[in-house]
Amino acid sequence: MHLLLFWLFTLIMVGFGIAVIANRNPVASALCLVVSFVGLAALYISLDAFFIGTIQILVYAGAVMVLFLFIIMLLDLRAEERRPVNWFVFAGGGALALTLLFQISYVIGRTRGAHAAFPPLTVPTDDVRNIGALLFSQFNLPFQVIGVLIFVATIGVIILSKRELR
Amino acid sequence: MLLLLVFTPIAAAILLLLGAPARTTALGAAILMFLTSLLIYSTFVFWTPGYNFVSTYPLATELHLNFALGVDGLSVLMILLTSLVTLAAVWFTGDIEKHEPSFYACLLLISAGALGAFASLDLFFFYAFHELALIPTFLLIGIWGTGDRGAAAWKITIYLATGSFILLLGLIMLYQSVPMAARSLDIRTLQAAATQIPPDAQRNIYLVLLVGFGILVSLFPFHTWAPEAYASAPAPAAMLHAGVLKKFGLYGLLRIALPLLPEGSRYWSNLLLILLLGNIIYVGLVTIAQKRLDWMLGYSSVMHMGYIFLGIAATNLIGTTGAAALMFAHGISIALLFAIAGEIRKRTGTLDFDELGGLARKMPFAALVFGIAAFASIGLPGFANFGAEVMVIFGAFRHGADMSGFHAFQIATVLALWGVVISAVYMLRAYRRTFWGAAANSHEALVDLRLMLRVPITLLIASTLWFGVSPQSFVRLVSPTLLPFLHEPNR
Amino acid sequence: MSSLLPWYALLLPLFSAALIMLLTHRLRGLSSFISVASVIASFFCCCLIFRHPDMTAPSFLWLRFQGQFKVPIGFTLDQLSRTMLVLVSGIGALIHIYSLGYMRDDEGKSRYFASLSLFMFAMIGIVLANNFVMMFIFWELVGLCSFLLIGHWFDRDAAAKAANKAFITNRLGDFGFMIGILMVWLATGSVVFDDIVPQISKITSNPGYLTTAVLLIFCGAVGKSAQFPLHVWLPDAMEGPTPVSALIHAATMVAAGVYMLVRVGFLIQTSQDALNVIAWTGTITAVMAALIATQQDDIKKILAYSTLSQLGYMIMAVGLASGEAAMFHLFTHAFFKALLFLGAGSLIAMMHHEQNIWKMGGQGKNMFITFVTFSIGTLALIGCPPFSGFWSKDAILGLAFNRNLFIFGLALFTAFLTAFYMLRLMVVVFFGKPRSPAAQSSDEAPRAMLLPLVILAIFAVIAGFNSVAGKFLTLPHERDTFSAIPVVAVGATVLGSFVAILLYRKREAEPLDLRLLRRKFFVDEFYAWLIASTQDLLARIASFTDRWIIDVGGVRGLSGATWGLGSLLRLFQVGNLQVYALIFGVGVVGLLYFALMR
Amino acid sequence: MSAPQFLEISVVLLGFAIVLVDAFATNIPKRFLAFAAIIGLTAILLATFFTATVAIDSNAVGFWSFYAFDPLALIFKRIALVTTIVVIVMIIDYAPVAAIGISGTSSEAGLGEFYSIPIFACAGMMWMASAIDFVMIFVSLELVTISFYVLVSLTRRNSLSLEAGVKYLVLSALSTGLLVYGITWIFGATGETNLQRVAQSFSASGDHTAALFGSVLIIIALGFKIAAAPFQLWVPDVYQGAPTPVTAFLSVGSKAAGIVVLLRVVSPFLALPQTETLLIGIAFLTLIYGNLAAIPQTNVKRLLAYSSIAHTGYILIALVSFSGTAVVFYVVAYLLMTLLSFHVLILVEQKGGENLEDFAGLSQRSPFLAFAMLIAVASLAGVPFTAGFMGKFQVFDAAISHRHYGLAILGVLTVACGFYYYFKIVRAMYWEAPRVAQTILIPIWTRAVMLLMIAGTFWLGVAPQRVFASLSPRVVKAVTSVR
Amino acid sequence: MITLGHYLGASAVLFAVGFAGVMLRRNIIIIFMSLELMLNAASLSLVAFSRSRVASGLPNYNAQVFVFFIITVAAAEVAVGLAIIVALFRARRTTHVEDISAMKF
């Protein structure tokens, strides 16, 4: 049963992922991306990472994708007009991606514990609480840095997209 | 005192850039340097192996880096040469049209580089001071040069930079080849630890050093930068570079390669012989075919390097002393030759043999000086070059000799002697075509050298005559320095 | 008895040369006076030295490496050198005096006298040298002076070229000389003559080495004494002022080679093979030069070839192992050849530097004293008894007769030729009618020029007598051995004279035209070809290689290749993000492969 | 004595303060903001001299497992601060040009942000200098990267600036992806993100393929940051397009931060032998590409970009030779000479352009600028008695002592190439006649900063002991302890 | 049975897809989406590793915190990136990489 769900969500994720890069229309790509991310969130949940799964939906499917779509609409991007496909780039890029995939699978094959089932969880997973505790205690410093990062990003977005600065 | 000597030109250069009166400052600095070096020469204690006037300033302990100055006989000789030629070069500078202070500053910086290299007891500064002179050379040729100055300046700069960085590699290899405990950049410490360098390391390092130094000294086949650069350089720059700075590589071989890497120099001696014969015979022939005075002088200076190499290759006291002596002697004579050639170019605007001729009639004094320098450079007795060449030839001929026949060194010596004939051919031909024969019409209004120029000319000629009449002065000065490193049985 | 006298003799001329060059070169009269005075003073020193056979002089260490190599500047003062000193300084002094007249109005007079004094210094140095290196030093200085003096009139291309030729040819000889010195030094460990003598067995024990070394030393003499095949510079050297020709190229400098061979006779005579080569070299030179002399028109050239021929005699004598005979001939030859040259100088000077004998004629009447003295010189040269040349040439002929009949024959033939060309010269120049305006209006030379002529003429007459020569030289004993030789020699001389007189009497132009001889056996042409086809060709090839292969091909090629490679690498930078991403991808995959899969 | 963590916090607070003043006090000249920033940063720089270093404890949890304050961190924090200060001075000089590029209503629009974002980037770099945990490395690196996204494309009226921004954005994000994936695999292989504990796990025996995979990806990502080949392609374009002060910041600050992280991560990674060969290969490529591709360059800004790649090559030589001292020294030297050259460039490009011909005759238009550039270029090329030479000397020293002869020889040959392209600038300045006769005015503060940098260049070139003293011996040990 | 390998494999495929997208697509917005795919693939691996490294009965939450950071950073990056793309589009009316190659060589 688990296996079935895994393959389903994996297929959704990968399939729509491929659709993202295969689609000519940016809007369709963005929508495919949302679906792919939903599949990914399901995989997170299947890994008992409920919090991550949730914020994946919230942040990506909610915020990021809206942003993407909003920009696409704002810029009024339509399907790309057909440009001649650079077959050399196409073949080369594809081959490279496949090679990379092959290399990763080679590494996975040699990874310890890759072929073992996940160990069972013996304690009830209260992951929001656990993650929160970690964030505010041990990971306090990176968390602060992230704060500054977001602040800079905010300023940056303003300064870059405002029509006329004063 | 050494500190004063090294920093006088640097300070003067800074003053010049800050706007001090150009010629006065430069000349004053040059005279001060000359007097200081005379003082060093006269108070130098002969026959003591080791260094005089040592002063050390530690700079970086992790790198074993000290600013250490000190002189032995060899360095005293080179310092004397440097200050003499600097004085002459500064004196011969005249009528610089643009950036006069910078011109003098560049000259003095070259001189500072040479002095610093010769007086340093530390490998780092030994190397660094020499390379410091590279930028002023580049600027001197590039800004104030003649002819195809751009190309020439590029070539010398890139070529010498390559050579000196190869040299740097060799020096670092050298310093790392001694065991950790004895590791130091100080030449004295290294010399004490020289026996601990394993033979195969010696061979590798010697080869790297030979290539590095060889490029700097225009060892065949790395010589093509020299004639081009000297032909394009303003005369004072050519004087300083050909007369002094080029000797750095030879000085380095004598100071570093020979004492520290005896096995290396033995192993590569045949290679060195072939290359130096390339300098003497091949470059000698090239010199004969030259059609311009400046190119001819440039090639001749390349050719004469072969003799110095021969003395170094001989690795015995006579030969190496001769090499040191010849460095001095050649420095003086080539400086004079370039100086006069520069004066001629200033007046006639050309150095093409076909457009010159009969200048002795218009410029008798210049002809006299050029003649003296030319004969000195082809090894006429009475001038320092002859005594030096005698030592080189005798030293080389003796190396590995027996009565059964001629071996590599004997054959090389014979060919080198043939080079003496070649040098007579080209030098006299040049002299004849420049100064003798019928005067070219276009040179009606030539004036002879300024009277004041007699001072530096007299100084140079007097010094070469002094050492020529008494080459034992070289021996007295240099051989105590070299003797401890030569491992030769007293025959 | 230790004395500084030899030092004075040596240094006085140098001092005067330096003084003239540094201070008085603008005052031409004073300069010439200083020079003449110093040489005369030097001559007196030499005479004093000659009178004190036990004299020694302090020496000065020129170069010394403990136990390995020592070159002192020290003097040998044996009979040989003392005689030579007197001869050199005496003739030198005469020629200085003569020059006062000859160079009276020359604008380079100061320079001339400075060079002349310098020459005296160098020549005295050679004579005094007690070791090879010192001899070599002065040997080279002599070369320099001859360069300066030949090139005195440097405006003339011919003079400039001749000066170069003289110097370079001498350098060629010195090339061998130096190697010879090196070999001797290597074998015996010394260059000082007196130190070599006890060590001589070290070198004689190896005959091949010995022969090579001796022949190489002989090379020096070949160059300096203008022996075949390095004789070519001497005739050209006649471009210099005539007193120079007399001094350098007749009496003294060219004799230096002979002197040197005699000085190192102790070494040379140990190798019979080398001696044979030397003797034959001398013989060939003697015959060849005499043959050429018969067809020359320039009076100085004739005398120059005559000098060559006589030097050949001397070398022949050395080669026949008789230094005494060589020195004897050198001694007499110095006087009569200087006399002849000075006489020729008078003729030339009085005829406004006309040197072609066919433009002269009838000078016996115009210039009587010159004629008389010149005749004495000629008689001495052709070996007419009882003039000095007779005795010395007789000694050599006798020697040759004893040692090698073939050489003797050639020597005799040379004697015949000598008489022939000298009488040709006499007849054409002094008899007949003047053949040019200058010859018609010529007048006797000034006193300063005549005085040396007379003195030299006296010596040309008497120098051959036992009573005179014996004071100076160890005379060769050959002269007394076989009485038929003088008769044969005189016969050859007389025959030559008659042929010449018959042939050239009342001639207006050269009746013979032997191109081979007139063009000096084409040796100059051959050398020109040789130099062009070897040295100059090699030089051009080397120059080409240097410019185009090493420089353009090697250096610029490398830098160009670097430049090109740089330009190629820049092509990655196409500005297209997609390409960058692709290359990035290649980098990722490549590095992963490199790290993981290898 | 102040606690080390307050250094970054002060910087961030300074940044906030500038932003707030900028937002609310609209009528003060923006230049005063810059001066305030400079004074503040200088104060913090001074404070670093009164902060004691703390040894790294591999068992620490919480703050000290992310944050190190060893001498290495300290010196890189100072490097970050100095760089930022100089960059802000540059921005003051660059303001007239920037005003054209920033689309705003007034001539000073956007300058407040231009002054403040570098401060946040500086804080990021300082955190990077201290980061000893992959999580910390990631977040601080991203802080710097995002600041640079903004800075590079800040002058957005200039389309080259935007183009540079996009190129930097895409490629940098790509490298971020690889970094994250690499960290993932390191975590997967070891279960740790703290460098000390990762190192312990690496040195255990077993199959390290996964760890190696992660390491390679991280090296690639950091290689991108420090402009190592074959991930250097963004450098010339981005350097050219970005506003020049940002280029300087990018080429010094960002690179220095990347290098300190690389220094920290290679210690564990080098336990895997393949890593060393990998780095050697990268160093080879970088040296060749940077030096050779620079040779035909005529745009000075691009030339300096290629030169920046080349210098990465030398730093990598020192890195694979395990010489932390050499790396740090080289970075310090590089900082001085690069900032100096960019500073001159800023002044020159205002009165012409950034091409070589705009430098023609600079010695006549402004002898001081020409001299400053001469020193900078001499140092970049490696002429003795300049910091650059001392740096190269140590690099070759380190290379030979680790028997990397190939690298050393290549290094030497490429130095010769370097002489060619650097001296092209000297030639233009000194040999050629100026195209415009206009002299260049140099503000007093700029002159002071340049003089300081020139003095520093010579000081480090002659007496480097101070720098070594601040490093030794602990840094050297920390870096070399692996071997 | 689902193993760690399955998740890693899925993540690898997603990563490769994103990687391919960066290299193959010429629309910057889609390239940007591909980059997001890569980041998410990394997160998936991370979560899988977190799940596989169970300590005292709990997954390794450190990794999940890291994922949280990744998501945050990615969001910020997207925001800034899109702002730049907008600015670019305003200036050049294009989002096509081939149109932004003014600087080269």
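Here the chain labels run A, B, C, D and E in written order, and each chain numbers its own residues starting at 1.
Note that in this section contacts are C-beta pairs under 8 Å (C-beta built on N, C-alpha and C of every residue); 3 or more make two chains touch, one makes a residue touch a chain.
Source: prediction; values computed, not measured.
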{"item": "Contacts common to chain D and chain E (chain labels)", "value": "A, C"}
{"item": "Those chains which touch chain B and also touch chain A", "value": "C, D"}
{"item": "Identity of the chain that, by mean CA position, is farthest from chain A", "value": "C"}
{"item": "Central chain of the complex, centres being mean CA coordinates", "value": "B"}
{"item": "Interchain centroid distance [CA atoms averaged], chain C/chain E, Å", "value": "96"}
{"item": "Interchain centroid distance [CA atoms averaged], chain B/chain C, Å", "value": "35"}
{"item": "Distance between chain centroids, defined by C-alpha means - chain A, chain C (Å)", "value": "101"}
{"item": "Distance from chain E to chain B - Cα centre to Cα centre, in angstrom", "value": "65"}
{"item": "Residues of chain C whose C-beta touches two or more other chains", "value": "559, 570, 573, 575, 577-578, 581-582, 585-586, 588, 592, 596"}
{"item": "Numbers and ranges of chain B residues touching at least 2 other chains", "value": "158"}
{"item": "Junction residues of chain E, two or more chains touched", "value": "8, 15, 18-19, 22-23, 26, 28, 31-32, 43, 52, 62, 65, 69, 73, 76-77, 80, 84-85, 87, 98, 100-105"}
{"item": "All chain pairs that touch each other", "value": "A-C, A-D, A-E, B-C, B-D, C-D, C-E, D-E"}
{"item": "In the complex with chain D, residue positions of chain A that touch it", "value": "103-104, 106-107, 110-112, 137-142, 145-146, 148-149, 151-153, 155-156, 159-160, 163-166"}
{"item": "Chain D to chain E touching residues, read off their complex", "value": "134-135, 138-139, 142, 146, 149-150, 153, 156-157, 159-160, 162-167, 169-170, 173-174, 176-178, 180-181, 183-185, 187-188, 191, 193, 236-237, 240-241"}
{"item": "Residues of chain C defined as touching chain B within the complex", "value": "21, 61-69, 71, 133, 136-138, 140-141, 144, 147, 151, 154-155, 157, 159-161, 163-164, 167-168, 171-172, 175, 178-179, 182, 185-187, 189, 206, 209, 535-536, 538-543, 545-546, 550-551, 554-555, 559"}
{"item": "Residue ranges of chain C in contact with chain D within the complex", "value": "559, 562-563, 565-567, 569-570, 572-573, 575, 577, 580-581, 583-584, 586-588, 590-592, 594-596, 598"}
{"item": "Residue ranges of chain E touching chain A (in the complex, touch as defined)", "value": "1-10, 12-21, 23-27, 29-30, 32-34, 36-37, 40, 43-44, 47-48, 50-52, 54, 56-59, 61-62, 64-65, 67-69, 71-80, 82-87, 89, 95-96, 98"}
